[in-house]
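Residue numbering begins at 1 within each chain, and the chains themselves are lettered A, B, C and D in the order written.
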């Protein structure tokens, strides 16, 4: 084990909010940051935020953010000592982790072997089974041809889940209710998996109904020390992707927390894992946990853990990669208060969360006590269609879960984005729902919510009145009917004294 | 003691960031908020943020925010049950607290008697002396005529401080080095005191050199429970007003913390104090504390205490006023990590912090982990000349003081305000200063810093280059010399594709 | 001026009049007097009998989107006299299927001349790494296919015509 | 185009040329090639040989204020050829004392015709609840007093003339 060596320059092989998050940690540690960017991202926030920035190719990620050689070349030319992969893209790519090592670069993440062992779901399941960690019944190996899938499906029975073996983030994930849906679902899942990970092999497993998605955060240093930082509740999902996360989980008892923590630490040690990682579990109605997979990288939802433990996970990732030992033991770690994260995405919640890229015309971010905004955008930015729709993570921290929910509703009401539709209005509804407030939900919550009628008391009247006044002003300014072709980027209906405060 | 009675509507008799801060607490508690506003404040953030807002008079505070009858009338008409005074204005006015009670309104603050006893500095000093709390030598009664002041001055000797008896926030505060400065300083102090508090009586005390300004936060409920929430270090001041505060203090030892905490709790109990309050001390080089005064209201710098203790002080003020008992005891309270606050003011630090009101042309607020922005403004707002220059409080929290300083520098570098000059560039310099980093400073820090030459490594070259490019573009667009009369609100030098991302 | 407004499943006849710097808005039976201050390009501060509303507006094809608190209203507005939609009217004639978002055509699931039922999936588009199947809302015959697999299209681009 | 630039106690001759979407800026001996992208109204993102700068600009009478990181530069610019200040030149002739901020005149400390030394306090102004004493930077005679006590003045308003 080489002695600790501080980094002076780190390349961040990612974009969006996570690239900015990593750069913030680096800036606070006095480490220079190197950004890479695609055609679409010249003006992206991570490019503006970095100390250095280099162009790496066309907008599609296959031709830029997934190009190992180009990125390694930039690392070499810029004199970077380490690479932080963020999440997605190359973050769980064992070949990339290995290539970094071969180049004499430190990969800020686990060793390639650990990624290989845990990153690929079916092998992770095998390891878990050996370690005596309970898993969901299913195939333990990737299935390449459709015949094998059909056979396995018959054996396991319906409903079942189709998953991309190389996958993550819900891509290439499909729930299949009955046999006749299988074929079409397999095709779609393969093609998604192909375009997302360049590997279309799938595996299938028994679908657990009314499951809770609960995960354990771990930190492991190069000296064999491993701790867990308790759980995150991630059951609120749309199209199998998390959208609201919290810590602690309202469903987890002290015993279950203890048990899952121990399983997580044991599995982490077994594979010689190093750096930050997350073990995902499904927990059924009887509080039985089933190990799903390990995410061998920083998670999108890591901030909720940071806020309750007071530990900066990204700084810890860097310190661990530098060779430092964990500055605390399991007993030093405690949960203070309650944290909730809402993923603000460029999606239309009224249209089944269909992606809604476009230009952010105006942006007002929330502030005040206990509010954290981890954003990857700014006013005037064109949110590109090529990448993940996540534009910002809104996180709150308060004394209790009740106070945290109230604080999140307050923060959501302060967050104003025009130009694109976002998931913000969805949060205003979801967080007021009795089932959410009681903590009585599972991964089916969003679907059920959308089926229900909206029974909030809403400000419909004033909204209609002010819209009508705007239309009236528009008419008065331009006789004749409004012209929808008018660019929304020039809100002509409010012309005159623009940028100023005017009594109309 | 009446049993707890929850408020459903509260009037906030203030403006700016503190009005918004109180409204945020109310919104999280499900309490409706009532704002009051002057001529200049129709479009102020606190008016936009409130559930209700009522006009109370012309812009000068004497004719609006200090008008007790008008404000009480609004409270009556709006059906408010309580009034939160914020800080400044009527917050330490015993007559107002009493008037609220007479109207059957709950004053969210101490009883009128406690304000009278502690709010007026000279009587507070008398009480302290009786309680055996050390104070700075000086007059124990307000001096109305100048002859008395001259006599007292001769007795106490120079250097000495002139203070407004009714004062606070450094208004009507003057350091007098030698006898021949006295008369002019008295006049100026009187006239400031008059316009700020409507009372021009002064008192004088011996000036302690190289003092640290350290204060203790207390909370007292209506059931006789009193706790302290540790100290705040407030020695970084300009014109006798705090500009950077932190908690814990790098100067305070465990013993001193313990001692000052006990003195604070004792004094608080002695006067039958209720609600949140702050006891200000001067601490000399030998770590001897001298009680200065008690601020019988919420402090500007309360957020640093909130971040290290995890307690929401404004919510506690409301709960206490509702009659609830403190939900914790002294032993439940701990300090976690380190917090720093920087006061972002509309002032020109290059011109001795002269106020610089005007229109905020553009505004980018910092984000990410451990950053809190308590703002009273927004992009496009005209910061009025009638009120305090504080526009926002930037607060950070991190594991250690070193990490907190790094985080604040990171946050300051993300905070972009154009249209008015602010104190932000001053913080970038002050927080990098070795003396600040070592925690080796006193209330003379700012004056010394400004006398020194600035030895930061600065981005002068790129600043010059880009300014020249802007000038070049301007010239190209409009032949002939630039015209300084061009309104800065239309940055014509960047005309074309406005609001969009354009490669020039 | 008279409008027919529709949002959140409600419709109303709305009249707007201006007097002495205030707006008088009548919604059905109810009259509101708005003290309305415009802030920047998208925000307005409105006082109605002392009640304060902080609203954010965005122009949409149908009228305006209004953000109030954490909620969003897409308000459709019609001129009650002319009866003309203030925004784009629903296109007449055959169904012109347009792109609901910018994205890439991954698969075309139908061929020209083919008959389709309502609800039939006709195209697969990819945007932001998600595949979305587009369905026809109407039965008919595929008259034109205006895109090819692999093609990147803008939001609103014409994809298929079904008659 | 040639400029004389001054900021933070430094001065330099700065040349700006444009070619193929880039700006070539020569400062003294040094040449920088700027890949400059304008963002919104006040921000620019600049890449110089891979080094990234996020800058915010504001027009000032003397030139431009530039925010870089937590730092601020008030850059004065002169056309090096014409020699004309790009901003307002220092007024010639007698000293015209103008208001450094909007505020209220609390006291006038001198009377017309009175002789004053440099550094003498001549007026007390109040803004944002603070009283500030304004001093003359030059010795001379008070020629005109253009304000009265209690008067509210705008920033830049003429207060006194001292010759």
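Rule of thumb we're sticking to: a contact is a pair of C-beta atoms (placed from the backbone, for glycine too) under 8 Å apart; a residue touches a chain by one contact, two chains touch by 3 or more.
Just so you know, these numbers come straight off a predicted model, no measurement behind them.
Listed here as common contacts of subunit B and subunit C: A. Compared on C-beta pairs in contact, A-C and A-D come out with A-C as the pair having more. The greatest centre-to-centre gap from subunit B, using C-alpha centroids, is found for C. Averaging Cα coordinates per chain places subunit A and subunit C 29 Å apart. Centre-to-centre separation of subunit A and subunit D, using mean CA positions: 47 Å. Per-chain Cα centroids separate subunit A from subunit B by 38 Å. Multi-chain contact residues of subunit A (touching two or more other chains): 42-43, 361, 364, 378, 380, 413, 499-501, 503. Chain contacts: subunit C has residues 37, 39-40, 43 touching two or more partner chains. Interface of subunit B with subunit A (complex): residues 20-21, 24-25, 27-30, 42-43, 303, 306, 310-312, 336-337, 359, 361, 364-365, 367-375, 378, 380-382, 398-399, 403, 406-407, 410, 413, 489, 499-501, 503. Listed in rising order, the residues of subunit A touching subunit D in the complex are 35, 42-43, 47-54, 78, 378-380.
Every residue of subunit B that touches subunit D in the complex is listed here, in rising order: 171, 188, 191-192, 195-196, 239, 346, 350-351, 354-358, 361-362, 364, 385-389, 409, 412-413, 415-416, 418-419, 421, 424-425, 427-428, 454, 456, 458-472, 475, 481-482, 484, 486, 488, 491, 493-494, 497-504. By the touch rule above, subunit C contacts subunit B in their complex via residues 37, 39-40, 43, 45, 47, 50-52, 54.
Those residues of subunit D that touch subunit B in the shared complex are 1, 3, 5, 7-8, 10, 12, 14, 16, 18, 21, 23, 25, 27, 30, 32, 34, 36-44, 46, 48, 53, 55-75, 77, 79, 82, 84, 86-88, 100-103, 106-107, 124, 126-133, 155.
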